[in-house]
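Order as written gives the chain letters A, B, C and D; numbering starts at 1 within each chain.
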Amino acid sequence: MIIITQPHATEAQIERIVARVREFGLDVQISRGASRVIICVIGSAELAKEKPLAAMPGVEAVIPVLKPYKLAAYEFRGGASSIPIGNVKVGRTEHVALISGPCSVESQEQILSIAQTVKKAGATILRGGAFKPRTSPYSFQGLGEDGLRFLAHAREETGMPVITEIMDPRDLPTIEKYADCLQIGARNMQNFSLLKEVGRSRLPVLLKRGFSATLNDLIMSAEYILKEGNMNVLLCERGIRTFENAARYTLDLNAVPILKSRTHLPVVVDPTHGIGLREFVPQMALAAVAAGADALMIEVHDTPEIAKSDGEQALTPDIFEELIPRLRAVAQAVGRSL
Amino acid sequence: MIIITQPHATEAQIERIVARVREFGLDVQISRGASRVIICVIGSAELAKEKPLAAMPGVEAVIPVLKPYKLAAYEFRGGASSIPIGNVKVGRTEHVALISGPCSVESQEQILSIAQTVKKAGATILRGGAFKPRTSPYSFQGLGEDGLRFLAHAREETGMPVITEIMDPRDLPTIEKYADCLQIGARNMQNFSLLKEVGRSRLPVLLKRGFSATLNDLIMSAEYILKEGNMNVLLCERGIRTFENAARYTLDLNAVPILKSRTHLPVVVDPTHGIGLREFVPQMALAAVAAGADALMIEVHDTPEIAKSDGEQALTPDIFEELIPRLRAVAQAVGRSL
Amino acid sequence: MIIITQPHATEAQIERIVARVREFGLDVQISRGASRVIICVIGSAELAKEKPLAAMPGVEAVIPVLKPYKLAAYEFRGGASSIPIGNVKVGRTEHVALISGPCSVESQEQILSIAQTVKKAGATILRGGAFKPRTSPYSFQGLGEDGLRFLAHAREETGMPVITEIMDPRDLPTIEKYADCLQIGARNMQNFSLLKEVGRSRLPVLLKRGFSATLNDLIMSAEYILKEGNMNVLLCERGIRTFENAARYTLDLNAVPILKSRTHLPVVVDPTHGIGLREFVPQMALAAVAAGADALMIEVHDTPEIAKSDGEQALTPDIFEELIPRLRAVAQAVGRSL
Amino acid sequence: MIIITQPHATEAQIERIVARVREFGLDVQISRGASRVIICVIGSAELAKEKPLAAMPGVEAVIPVLKPYKLAAYEFRGGASSIPIGNVKVGRTEHVALISGPCSVESQEQILSIAQTVKKAGATILRGGAFKPRTSPYSFQGLGEDGLRFLAHAREETGMPVITEIMDPRDLPTIEKYADCLQIGARNMQNFSLLKEVGRSRLPVLLKRGFSATLNDLIMSAEYILKEGNMNVLLCERGIRTFENAARYTLDLNAVPILKSRTHLPVVVDPTHGIGLREFVPQMALAAVAAGADALMIEVHDTPEIAKSDGEQALTPDIFEELIPRLRAVAQAVGRSL
């Protein structure tokens, strides 16, 4: 930690700051410049103690030197994680995994039919929402446990592991009966009660980036889950909110190499939400693989115009099928397979 | 609802769109321009049905004409709401309410001492967090039920109603035993399970705007609570995320008159989080009152440099006291009192 | 300047970094933490040399300690500037100045009529655009020198000094013949050729913040003008681009106290562009004064529905007149006059 | 154009709106819903006339149906443009062009040496700045005409056409003597005087997106150039400003397919500025090609740690060389060559 004093900080103020740091059992080294004093704090500065120092008279800025996360840091494992979702492994040294399915589970027939379609095209993991976070309380809220049952049925028929969203900590026992991977949606990325709860689950967790969360915020939310003992977390970039209104969100592919340099966790990209316009999803999926994504999550619906949610961005089966060989070619071009 | 077709939409596509709209029991009126056809949908278009139409071949855009919210709309009540928090009423025709207290409840002595200080200065509602949403799992997470007890004790001693944050739907029964008003924090603004739960509470709810939520998102989240039967919701602007890094957030005071024109709900402003730098909180508090805020929420701590959270932005008691008469003068200047 | 090394920086890398710093004639003090080395650079580090250090192997971050601006810094003058625009002074110890007029000069009659109206209501400086920066090349581009002549005529009739926008460095001699203050629009805030040119003018310059410029960017653009010898610069907040789409821009009133703490320059607020919706301009004007603005810039048009630009945000004369006494009351409430 | 009235618009107001539209020589068709009236305007509505209608009493919203640009629209040419930069063609049906070189021209030797290096690796167009837009007036401002001479010399030696930035309309004759393509930087994207000036040049123009410009803003700025008669414009995505601070900008690859669907102009991506961190530039370059970029612009410097600008983001020659075959593989995977 580095403390920079204000230009006119008094000696008495500087002494009190140094004394406070020493109370924490830390040592300091002081550099005096022309107008400011720089106090370098030596020792394993506990993170929670940074803030009160910023509030002391005479302090201009407190700059953390250490990263605020530990378990999620690349250095913690000294290598990339490989995380099992059912029988599929997701990680940096693995095939680029293809997670696909509809936004919402709408019926037993619908989810089974789409599952068979996407499996045939090349997907290896099935997604589908039974509990749906919707901006409007008047929108379709999902089929609940029935939806989970239909998902499990599709898994039995196709052999694909299933991933589904959890919105309420009280639903965990129910969802654990049916799913192979839990999804935390963007709107719940900082629902810390939920993060702690899934941190105690035996299932892996796909954690979507909040649409105004910094990459460090995302990693800190993963840290909540890891700290509870669940080391199987996947990070998912799905578009952020910016001033640009040509698309619903701005897919932030900068996130892919940056997250991979900071953490050992697999990085998933969701181009469907990231651009939100069906005709452009394929290009963004290709770009995501080129940027180094460890998995893609793509929504597919066989009749988007009657989908109960997100119909305007789901790929139709024919577009999806046509996309797969191109994804494979790009994966190979960057030394991966899919 | 208005449907605009693509420039090269075929007659068959247009016919299918019109047929789909008529299936919903709605009527249409068609305007043909040089390159596009505009389909005006007549009747009480259900909101959930907009999206599938956008996914139909030949559709360029679907533009909703009606607002997506009902119960929160200004027109619904035909006037502004006045919402009771304990013995204090908050609303547009009332005194500008002053909600104050520390970020976190830290001990029985601390909360009581600060409560007495802010009451003496002019605050009428006490705030304090017992369950704290923190970006880092290693930061102080709040005292839990002990914190609630200390809050209730401070209420008994000072007569001020108390407001405290709820993060987990399972905590509602506990919090209801102690608090006069529930707070939903910015990070949980779209935690829909939590919104539904507090919608069934007898307590009023102060709903903070997510830091990348549009004003319509905020109103839709209020609508979740209202729809469950709890009509006592207050909206709180507390700063949004932008590219500007001079302050932690950008306080969006545009929100105040816009929210007041769209809804009947009281609008609260939190200048403390909105600028996040102690020395500038007073100016933003004054600006909030001038913009028309119905209540202010200001953090005060008697020893910010040892606060367990947000010490760098809490006002000290002397700054707070000095601010009150200036707030009163601005309130009077805009035809209110405080 | 503080240099933080990467966790695995070698001794050889650290030595090369230190050697480079010493080549600049600067001294260093080194603090060794558990995983990183912190190199505090002592001496008047030249700003332009920061970047190459960041590119050296082994460097994780270079953190400037000194502010990047000099002439604009509050400390440079040790007090606030008072800047004359014709016979009106604008600054922190002065009346809050009221700059008003139409977006564009449309005819001699129009600008004179509006000038008389706003003067009668209480404005002291007249604004009006003769060269208009428009997003579309098909929109009205301004009357050019004719517009300047009409402005000068309105000044003669009313005695109000006039402020008008300059877009092209080649127009300076012409504009100097007619205007009392130059305006640099948001889109030209980093048009450095133009900044240098107006830096050599005898006229004061009102510099509008680019709609995605940080406050430091804005101050650095002022520094360009100051460095050429023109010390009469006013900074103007006029709304930034954010994800929020309820208004055209987000008025960032945080900018007011922050700019006033960093610089000695007067801070002007333009609530008209800052919210862009006529019915809400008054509330934002009141908020700007409460936040500490040294001047307001408000568009007024007597027949907005035929205005050649920005008709939807200009106040009508009656709304403007009704606003003035409320602005005066708020100004008094915060210890100013208007 | 569609005009939506306010819920309580009077018949008199509606009649005045309709009368105004008819004054413009346009026809209307009126749809009456439960609470609002929708007025569809038929005919080639001139864009400049939209705004005054929004200011009329009783109008809630005016929604343009036609795109605001004409010459830049894909439909205008009915196919993609191929634009010559010296002997290299850039466009959708061409090789993906590789534009490379240092940020600034620093000396005759430096630019020649880098030009030879990047040419050998596979670049076909040389970039280098002689006039530099710098946030700080104290930073290196470029070598001016000397820099242009060094660029021209490097062209003679290597045969590569050169592209360089223009910041001031008065510099056009000088730059035209030496350059093959003009660059308009992000900060000047809405410097309309400069746009008009280069619109009269015989040289092609690479127009960089302002870092808070919407895609439509970018296209409208291209329209300024096209309208003056210069049809050779290339659009360049180079990162936008968002709340994320992990990188200097957020590269918006959504822009690539969206711009290609809206315009016939080639789309260039600058991954160097788009992520701003050397170690991650290669991944973003690969992603840009996968997303469909028609050209890449990548900064290379042989000794970044002494570069006079942007040293921390320039690739070293060895990283650049190693990247090329991977770029070629991705280009092939998406049906292009490089």
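Just a few scattered comments:
The rule is simple: a residue touches a chain if its C-beta (ideal position, glycine included) is under 8 Å from a C-beta of that chain, and two chains touch if they have at least 3 such contacts.
Just so it is clear, the model here is predicted, and its values are computed rather than measured.
The greatest centre-to-centre distance from subunit A, using averaged C-alpha positions, is reached by C.
Looking at which positions face the partner, subunit B and subunit C present mostly the same ones, since more than half of the interface numbers are shared. Looking at which of A-B and A-C shares more C-beta pairs in contact, the answer is the pair A-B. Subunit A and subunit C have Cα centroids lying 38 Å from one another.
Between the CA-based centres of subunit B and subunit C the separation comes to 31 Å, rounded to the whole angstrom.
Averaging Cα coordinates per chain places subunit A and subunit B 26 Å apart. Among the residues of subunit B, those touching two or more other chains are numbered 212, 241-243, 245.
Chain contact summary for the complex, subunit D toward subunit B: residues 2, 4, 7, 29, 31-36, 38, 40, 42-44, 63, 65-66, 75, 212, 241-243, 245. Interface residues of subunit B, counted against subunit C in their complex, comprise 212, 214-216, 240, 242-247, 250-258, 261, 274-275, 277, 279-280, 283-284, 286-292, 326, 329-330, 332-334.
Those residues of subunit C whose C-beta lies close enough to touch subunit D in the complex are 20, 46-48, 51-57, 68-69, 133-140, 167-170, 187-188, 190-194, 210-212, 217, 220, 223-224, 227, 241, 278, 304-312, 314.
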